[in-house]
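As written, the chains take the letters A, B, C and D, and residue 1 is the first residue of each chain.
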Amino acid sequence: MYSFKNDYSEGAHPRIIEALIKCNMEQSEGYGEDIFTARAIKLIKEKIRREDVDVHLLVGGTQTNLTALSAFLRPHEAVIAADTGHVLVHETGAIEATGHKVISVDVEDGKLTRKNIEAVIEEHTDEHMVKPKLVYISNSTEIGTIYKREEVEALSEVCKKHDLYLYVDGARLGSALCSNENNMKIYELAQLVDAFYIGGTKGGALIGEALVICRDTLKKDFRYHIKQKGALLAKGRILGIQFEELFKDNLYFDLATHANNMAQILKKGIVDAGYSFMINSSSNQVFPILPNKLINSLEKKYLFLIWEKIDKENSAIRLVTSWATNEEKVLEFIADVKLYN
Amino acid sequence: MYSFKNDYSEGAHPRIIEALIKCNMEQSEGYGEDIFTARAIKLIKEKIRREDVDVHLLVGGTQTNLTALSAFLRPHEAVIAADTGHVLVHETGAIEATGHKVISVDVEDGKLTRKNIEAVIEEHTDEHMVKPKLVYISNSTEIGTIYKREEVEALSEVCKKHDLYLYVDGARLGSALCSNENNMKIYELAQLVDAFYIGGTKGGALIGEALVICRDTLKKDFRYHIKQKGALLAKGRILGIQFEELFKDNLYFDLATHANNMAQILKKGIVDAGYSFMINSSSNQVFPILPNKLINSLEKKYLFLIWEKIDKENSAIRLVTSWATNEEKVLEFIADVKLYN
Amino acid sequence: MYSFKNDYSEGAHPRIIEALIKCNMEQSEGYGEDIFTARAIKLIKEKIRREDVDVHLLVGGTQTNLTALSAFLRPHEAVIAADTGHVLVHETGAIEATGHKVISVDVEDGKLTRKNIEAVIEEHTDEHMVKPKLVYISNSTEIGTIYKREEVEALSEVCKKHDLYLYVDGARLGSALCSNENNMKIYELAQLVDAFYIGGTKGGALIGEALVICRDTLKKDFRYHIKQKGALLAKGRILGIQFEELFKDNLYFDLATHANNMAQILKKGIVDAGYSFMINSSSNQVFPILPNKLINSLEKKYLFLIWEKIDKENSAIRLVTSWATNEEKVLEFIADVKLYN
Amino acid sequence: MYSFKNDYSEGAHPRIIEALIKCNMEQSEGYGEDIFTARAIKLIKEKIRREDVDVHLLVGGTQTNLTALSAFLRPHEAVIAADTGHVLVHETGAIEATGHKVISVDVEDGKLTRKNIEAVIEEHTDEHMVKPKLVYISNSTEIGTIYKREEVEALSEVCKKHDLYLYVDGARLGSALCSNENNMKIYELAQLVDAFYIGGTKGGALIGEALVICRDTLKKDFRYHIKQKGALLAKGRILGIQFEELFKDNLYFDLATHANNMAQILKKGIVDAGYSFMINSSSNQVFPILPNKLINSLEKKYLFLIWEKIDKENSAIRLVTSWATNEEKVLEFIADVKLYN
């Protein structure tokens, strides 16, 4: 069985493992005050071309979201998210558990627009309702779509206008930024948003997400929040070592590019076989609509999620690729799809 | 500079690293539903001789404490802890952040007794006060002391009597159970308490703590809580791989024994040099009282914490050893202490 | 200006005021342990024909909801509510502030059905999502509709099947139960649900809501929660005095009947004048659709809310009546509407 | 039985009741936006000689404390309180339930000093511990002592120095300010602290506390917090009506003076009878140390709390007086004490 189920089925990229081995017996400070973390942060700041941001290395995506959002918001302030947003759907109420409502916005493509934000603002008129304060977007989104620069610019503008924070869940940021559809550099993103995180777990690391806080007022005392939420690792070094390796050259983006390439080969192959897609995605997730019979047959050799029923005879499935995806297996999968015809 | 500052200055024991490498490119399920985790849990259950417990692998100590305690308690229920307790002092209010008061009990040696618990119960008389519900102890404690079996039995009894949960923070459980003063087996502990965790981070792993839930009523839906608190790793496998390695033979306890041995060599050497200790500890932390001048001189070669001022000319320092502590450095340290005389 | 804006514009029914005066200088126990409260609870239990319930008197609706729901639920458990639900829309995230997500269900008439609940249950499949646990309904609803007995029975059944709690926000319970459309007695309701509250604030009292907990497992330690949420009045007697007066005969229901009658006169008058309604409601709230010009003219003499824009020239307004509504003013209002034609 | 058990055994002062009756059928806006509340706030601002403060009327003391403190603090910030502090002892963990630790300081007389604050600040060194941010004092304290102006000035200074908020729980503020030991005017207090509340429940009202927010940065969006915590009354008018009556002349202070006078008569009588006191208090609470036999005999005619055991034969009891205390009963009590000799 080969898995296209997610982008965290394997361990870490070999270079990451080597980096961990290399300094394994070297002593360092605890709690992220080690030199590896310092160097990783320096490299990230260079990549995003901002010296004035704060960068913190955390362990996982839900943890990063809940730590950041609960630190940024006052008790009555709420989050705005697309109805597909990870914080809304797949974090077991982690944000609500810190006291904040997440306002759901119905969208088709996983993406929020200026108009969505303005509608929410208009509806929330007084102190009998929560106060919308932070716009949460995922890039790439949970259904593989990406935000173009002009779309983030529009959100940034509407957020400034209404004094909202703009936050990007970048669990798959590498894939978004390396998509052939993308026209935004990471340093441009860092100019447009108040905070974002660069996903390591799905980007080649064992674990780790790098949270970048761009807005000055959100920086204060952030390490207190990391500690309070159980996210401050005694051996914070292992996050530093990994992010140093990912960002000391282009490794982070190279791995994302590989993932995207594998997804695009899948996509093209499936198109060639005559099938369409639930959504047009250009990142490392593709959602082909296939006959249930074909799906049943593929399930004997491959692992993947059945995303949703389309009609009686067809369903959309989710195929996810990663830095570790084997091209041979991709070609084999396509061959198996074509064989069915 | 050689560090005796803590037990998390290095990476992981080489066998752990090897285990991670070995299966690195193997695909597995996410979120702790992988075979490594399953095998690790099986091994832990064997070690504690209970098939009926639930074992969950989490990332760090504060995270494990806050996830467990907030899952176990209803909103009005409180924790009882010694005034040195980690949850009380060094977790940035993590437990309070989940809504629960931690009641502090003044003690001398870091340990709670039956009498302490009964005093707290007596004081909390009605619904105008919180309801004490969970007794939190650390073994070994934050100041290196350990609980003997009869002490845990006494606590277990008083907890049963008053319908309290007994919870053990085992960040340094290996060191406690391998102390030459100890008379309690891990499987005996597992009979006496409602939940405890086996510390990996300070016990040879890169990260990871194994929470064992013994009481049936505390087990339900626990994975929801792990996820909600941001503690469910996508690559949960890395916790499984490490705990499998630690528990597939006696590695976990061998490493703790090494740490303890190094501490006892330190202790004996310092005694020989004519100094006394702030507290009599038999685990991997020792707290010698040294002249400030000697401390200043040691600080040029070694890293350690100055724990507290004893009088004008003397202070207690904390020396921590670990699985990674180098015996040569220990001997060198003693020589340096003796040299001063 | 005469107000149809809400049902809390005046003080309390004269009998309530008299009751407060009568015992004003009498000394009593604090915190709801007084004899007035004891008698009120006894009367309520008689009215609902259950001796085995727990009754607590609290101050306001949002307070009652947040105290009850946070006491009933474990951290990962969520509330299901109609999209119009008060907890969802108009309580400033009070439930989320206690850590719980409120799942919104789109409905047309303010009411949840068995089908709605089952759809939510089906969607929430595992520990990556919150666990739906409590069904929140308002009776009458926020838009004036009421639940018939068979509808509550259906909800009760589906809740039992999926081990959910069924909770009724009865801020306007009197009006619901006295509606000419209603076919459910208060003692029947008390057999079908796990907890509900009987609204006093909108039912003739100065303040006060009587929470009835029917399910045994939800009763334990409830006074701790009341105290913790700031809802335990030192002079709890003032709640007891009021509810004793409301329930010592039929006063509570008589007042609700008056409110409903006034609303039905309004409704009939507006129908006679040729207008229709946004929703067909049989309680003390009516939502006529009127020409904007007429609305403008009515606004010079009356206070009411403009509920929503219907089309370019018409809007729905909300008219609310209460125990205090003056029939003359109602007739005057109708005359003013008719005059416009 | 006559009760000296607390200062909330009766209803409200007759003038308050009359005020409630007088406007009972008058219609007004809901949620504290009525004219009674507006007038009450105006009067309070005049009394404290500050136009620039925000005043909010809430229902009870615990509610006011939890609403204010949770609104003022970020998640990692903690409260400093004397070990007798109401928030620490008698609010069922209400502050912790909003996520914040309350740091306990051992004191003898219920009062915090500059030195206490500095010791706490010194101990809390980094992000592994909570960040002390708000100093909570009660005036009068829970054991009847009061803060003199110079004491509050010293606290104010140390708070400014360390960027802490100074908050006064004024459940019995009237009694403190009318004590014959007091040398601070209410308008002086309002210059020294960041927020305080003026207790109505124990000061002659049925219910109600007036929170005064002096520091600009703490004012924003406060009504959201009131609503979220369930403290925004639909009939907010009943708070306004009461506070208007209390502050339209000197009623509030006259009632406190009566309470204090009654306490001082008790005190003098007991001194004359040859007994001493647990603490020297000048407000409406006195704590005589009496022989257990005398206590037993008094318990047949009077209600009061036995505060603590002093030795085998003597205990301290608490006697509380109020605006409603009957002088005849006070004299009778003294006579009964003297009779015993």
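Just so we're on the same page, a residue touches a chain if its C-beta (ideal position, glycine included) is under 8 Å from a C-beta of that chain, and two chains touch if they have at least 3 such contacts.
The chain lineup, named per UniProt: A, B, C, D = Amino acid lyase.
All values reported here derive from a predicted model rather than from experimental measurement.
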| item | value |
| --- | --- |
| Chain at maximum distance from chain B, centres defined as averaged CA atoms | C |
| Pair joined by the larger number of C-beta contacts - A-D, A-B | A-B |
| Centre distance in Å when chain A and chain C are each reduced to the mean of their C-alpha atoms | 43 |
| Rounded Å distance between chain A and chain D, as computed from the means of their C-alpha atoms | 51 |
| Where chain A and chain B are represented by their mean Cα positions, the distance between them in whole Å | 34 |
| Where chain D touches two or more other chains, by residue | 75-76, 91-93, 97-99, 127-128, 130, 224, 227-228, 232 |
| Complex interface listing, chain C residues touching chain B | 31, 70-71, 74-76, 98-99, 127-128, 130-131, 221, 223-228, 232 |
| Residue numbers on chain A that touch chain B, as the complex places them | 2-3, 5-6, 8-12, 14, 17, 20-21, 23-30, 59-67, 91-94, 97, 201-202, 206-207, 224, 227-235, 237-238, 324 |
| Interfacial residue positions of chain A with respect to chain C in the complex | 75-76, 78, 89-93, 96-102, 104, 127-130 |
